[in-house]
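First the structure, which I've put down as structure tokens, then a few questions once you've had a look.
We just call them A, B, C and D in the order they show up, numbering each chain from 1.
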Amino acid sequence: MTLTDIAAEKWLGAKDSFSLDQLSGKVVAVHAFQMLCPGCVLHGIPQAQKFSNLFDEKFLTVLGLHTVFEHHEAMQEKSLQAFLHEFRVRFPVGIDTPQANNPLPVSMEKFKLRGTPSWLLFNKKGELVINLFGRVEDAAFSTMVTQVIYEDNLDKKILYGS
Amino acid sequence: MTLTDIAAEKWLGAKDSFSLDQLSGKVVAVHAFQMLCPGCVLHGIPQAQKFSNLFDEKFLTVLGLHTVFEHHEAMQEKSLQAFLHEFRVRFPVGIDTPQANNPLPVSMEKFKLRGTPSWLLFNKKGELVINLFGRVEDAAFSTMVTQVIYEDNLDKKILYGS
Amino acid sequence: MTLTDIAAEKWLGAKDSFSLDQLSGKVVAVHAFQMLCPGCVLHGIPQAQKFSNLFDEKFLTVLGLHTVFEHHEAMQEKSLQAFLHEFRVRFPVGIDTPQANNPLPVSMEKFKLRGTPSWLLFNKKGELVINLFGRVEDAAFSTMVTQVIYEDNLDKKILYGS
Amino acid sequence: MTLTDIAAEKWLGAKDSFSLDQLSGKVVAVHAFQMLCPGCVLHGIPQAQKFSNLFDEKFLTVLGLHTVFEHHEAMQEKSLQAFLHEFRVRFPVGIDTPQANNPLPVSMEKFKLRGTPSWLLFNKKGELVINLFGRVEDAAFSTMVTQVIYEDNLDKKILYGS
């Protein structure tokens, strides 16, 4: 799977000309969330904001992906826009493309996400290298991101027990 | 102002027969919030849940009041229902009655709320005795609630600087 | 047991003339702690500081009691003084009187404290009304303190399950 | 400056045979702290424990260094031992060698530490590569550590504004 396999029907908080193709050659961390998921609101989104602020954009691009798989009517675009405004989310957020006969949106199904929050981390070639579900410590995620930035080293497991 | 001045077009999480009249003789704390207000989600709602769990219902009834004054389309009933479900809010939540030509809903205007989160505290006679805007420490709010439960003593200010 | 049953060989951070007799007619909360007990440093001491700041001294007096029952050599007066200075403890702290052939100091044994942190709460008559071991929520302790301030009501249990 | 410039009069929590020479070829993070410094107790020590647990010891060794520059009598070895026991510090902690006519201990002066908490990070050659004073976010410190593990990349600044 690659970064451009992400299907978003729309990108909020991005320039009109934004497309995933433009991120070729960059390490990209995609935070999959739902705006009414407590683990996302209390932990995931603040973590994504922290990483977006911490890393120079030359090295890491953080994106959000709104992967609604439950309470679809409750989390429409209008509500998401207000959420992003009120919680001051500054990075682009894609709306995962909904499917007619499936509660799972397209990207969520394609990438086999197990729920929200999840992190998808893509290397400079756009290849998916990490697919993490649930809460991850800042320190652990930061060392993963840094290893992907220096991607040749990713085969050396530096985290205890990983 | 009294408890029954609160105007809610609907009560979620309550029995069909629920009405504010039934709370006569009880101390009632009403938490006014918006589901997309960060201060409410991160601090106010958890505090309301804590007080609802902490005090015996003989002594204190906690209610929520969804006072939408901005992003109206984003915080409709469907979205509120999903929010209450996901954040496990167990106390009844009224939807403050919207007004046609006013962004402020009825109760919010009547009680002159300055924003969200706010606490309205009513004594056993149903009279409004405290109208607090913003974040309040658990310890400070708890002593206020306790004083209202022993209402004769409320004239004695026990908090420093209050 | 009464407030004056507390035996302190010395009071730090108090006027030379300080004695427990002077607190007659006041509600007094005594925080028993050890300076190297993590639960005390991370939770108990900050809570004691919060209550000391929150309540008007007309209504509540907060005192500390250093009840060393382990690592005696590690927690001598010199170390305690530096601890109180560095952690900015502003209320008087008594050193619980050590005993020759008993690891427990005098007050700790007399009041049957089960460990640290503990709270001892005394009413205006100086009678011990609450003896709490371990971590207690701010909201719960605040309502207890307030009830003792209005002491006639303490028989009415307002906390759920208490 | 190099790792072996650290002067400790004693190492607590280490094997008798422990010496800094044994760490040749390893990345080593040394946490300089005082047991009565609130920023160390509340933030620095928990962070050191987190990094010690997170990273495989093949890649990162975490050590403590007790750099007492104030309240010397209050923080003697007996007190430090009790502190390490009570706060469950599992990594070796050196006692920075005191000096007769200088409040600063030897290593603290040699490495020009500005206070506590501080982090000293040494690369595989034992060279000091980072000397950080004060509170640092887990995510920021983790990416620094990871870069030093892959040391050839340290010249590329990947943190925003760094």
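Following the convention adopted for this analysis, a contact is a pair of C-beta atoms (placed from the backbone, for glycine too) under 8 Å apart; a residue touches a chain by one contact, two chains touch by 3 or more.
Not measured: the values here are computed from a predicted model.
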Other chains in touch with both subunit B and subunit C: none
Computed distance of Cα centres, subunit C from subunit A, in Å: 49
Gap in Å, rounded to a whole number, between the CA centres of subunit B and subunit A: 35
Touching two or more other chains - residues of subunit A: none
Graph class of chain-chain contacts, one of line, ring, star, complete, other: ring
Of all residues in subunit A, those that touch subunit D in their complex: 50-51, 53-57, 59-60, 137-143, 145-147, 149-150, 153, 156-162
Complex contacts: residues of subunit B adjacent to subunit A: 36-38, 41-42, 70-71, 73-75, 78-79, 81-83, 85-87
